[in-house]
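Paired with subunit B in one complex and with subunit C in the other, subunit A is shared by the two complexes that follow.
And now, the complex of A and B:
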């Protein structure tokens, strides 16, 4: 029941944040801290969820917060690598109509 | 829903974020034992976690408290009660603020919180919330017989029987 966050920065192409593990009320603050740090400085933030096997409303809330932060600074937030479960959760909550989702992600992280 | 309860499993956890995962996994184990499908179990894990998260966030205002998670096993369904003894909330007010995000929602209206209750109601077959010296969330999910061929539960296979 842990979560890790790694970031990869490519010049002029923004930052990709790889999230792995479980995002819940316990781990979400750590994700929020990491995301907000990048949302402050980056125009383009990609969040790769291919390593996430569980996310609940607390985690979705963090993604919404990051999305709002990006919009406020005219930046962009893209979510990649969602598994079927997370995709369903996005559909059920309507988040898929708000946050940009990229189906073909770049292979995630090995 | 009149059939006799077969077994009863009860778990008490401190109302702290780090223990919500324990409740989630415990219920997942019970549901797996009963023969629920992968998706149904994932739905249940999420619903239970949402109920526990609400208790952690609202019930005790950062103080010490406990959450009780009770799984009642019936032949055709599971009932999970998540109970706390902390501060309750105004259910009608909460209901108004929950629901899916729509494309028309203005950015400010896209809530960072408030999806929990909506998710519980969406993912479980029935959700009932009682407010009385705390909050009792009662969630029910039925076993879909067309999917499950058999599920063997022996009365002695769980720790607590009633």
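And now, the complex of A and C:
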């Protein structure tokens, strides 16, 4: 299964990263590369997971890495558009208590 | 190429070019295996072939001789590629051997067998999806009648996860110097893990202490898959709900403790996500299917039960585990 990553930047409103497909041990490095690049420069990074149907522990690790990078630079990471399976994963791992989660309000990818 | 091989090849070539037979081709196939065993590079063989042909047919046209030079030049590149592949095969064998040693070392990090506890039976199975596992379990003797039980899943699989496992093992050993409650234990481990792992690594763990006098199980969870409590009188499963952040994310995390009471024949089932998120051909094993599998086996002695459950999951996945699987059952007998 493939994964695609696209970004949309709005001036003074940070960057939104749209992820589609499966995030697993094979595709996670590509997501890590894109995320870390934006975490280095942006105060606000949104990750839109509306198009993600599966994420494994390696993928979760990439999101944790991005969260830590944002915390270290006093930035902010928001995750939007999670399906029920991913929401449960966040609840079980307790990540919903530290990472800000929002429902997808934009109605999908721009 | 040694003289014996040269002679064999020359005889074969002479026989074939003067009076071709199919048997010669079979002999050539057999001979080629010897060349490979002797690590003879392709350009050396082609060079010998050309020289032999020149001896057999001294009058071959100059244009054909020139074409041999071209062929030889091309074969030199093949020779280099062959040598590189030989080096890679050697390196692969060396790595394979190192992994074998590491697999053996990893086995020593796991308890040899579940401990004995009065009126309680413990069964455990832990099977890696590949050769090295990211799952970990441990038993800690607290004091008379008290047993600490840990089941843990380290992010990812293979060698990185296995290296992380050794850290968690030694961190647990260090914290075992004094008896800690489950919440305190996870808090201590979290501090160590957060300080020592890559930002994108994390570990989940459920840690509990079984009191075999009161038959109480006090536990806390660091983002681990909820375990199950099997109530034998009602023949139903209750999820061991526990909130807690995975180890390695936030150094200032507290872990809430929960307590349950076991009646005779009740059982606690702790698992890793290789079991609860077991990939099957048409998606994921459903929760109902998993509970049914456990229920079908829970009447067996604890060790037999975990082995039977794992076997059934293997059958369901056609023996292709996509993740490491660990199942631990604590069953009250009397």
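Note that in this section the second predicted complex is superposed on the first by the 108 of 110 C-alpha atoms of A that agree within 3 Å, B and C clash if a C-alpha of one lies under 4 Å from a C-alpha of the other, contacts with A are read in each partner's own complex, and residues count from 1 in each chain.
Throughout what follows, a residue touches a chain if its C-beta (ideal position, glycine included) is under 8 Å from a C-beta of that chain, and two chains touch if they have at least 3 such contacts.
The structure presented is a predicted model; accordingly, all values stated were derived computationally and were not measured.
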item	value
Combined model on subunit A: subunit C and subunit B, fit or clash	clash
Which of subunit B and subunit C A:61 touches, first, second, both or neither	both
First, second, both or neither for A:69, with subunit B first and subunit C second	second
Dominant contact partner of subunit A by residue count, subunit C or subunit B	B
First, second, both or neither for A:44, with subunit B first and subunit C second	neither
Which of subunit B and subunit C A:22 touches, first, second, both or neither	first
Where subunit A meets both subunit C and subunit B, residue numbers	25, 57-58, 60-62, 64-65, 67-68, 92-95, 97-98
Residues of subunit A touching subunit B in the complex	1, 22, 24-26, 54, 56-58, 60-62, 64-65, 67-68, 71, 85, 89, 92-95, 97-98
Subunit A residues within the subunit C interface of the complex	25, 32, 57-58, 60-62, 64-65, 67-69, 92-95, 97-98
Residues on subunit C engaged by subunit A in the complex (per definition of touch)	153, 155-157, 198-202, 204, 222-226, 243-246, 248-250, 273
Subunit A partner contacts - residues on subunit B that touch it in the complex	17-18, 20-22, 24-25, 39, 42, 45-46, 49-50, 52-53, 56-57, 100-103, 105, 107, 110-113, 115-116, 118-119, 122-123
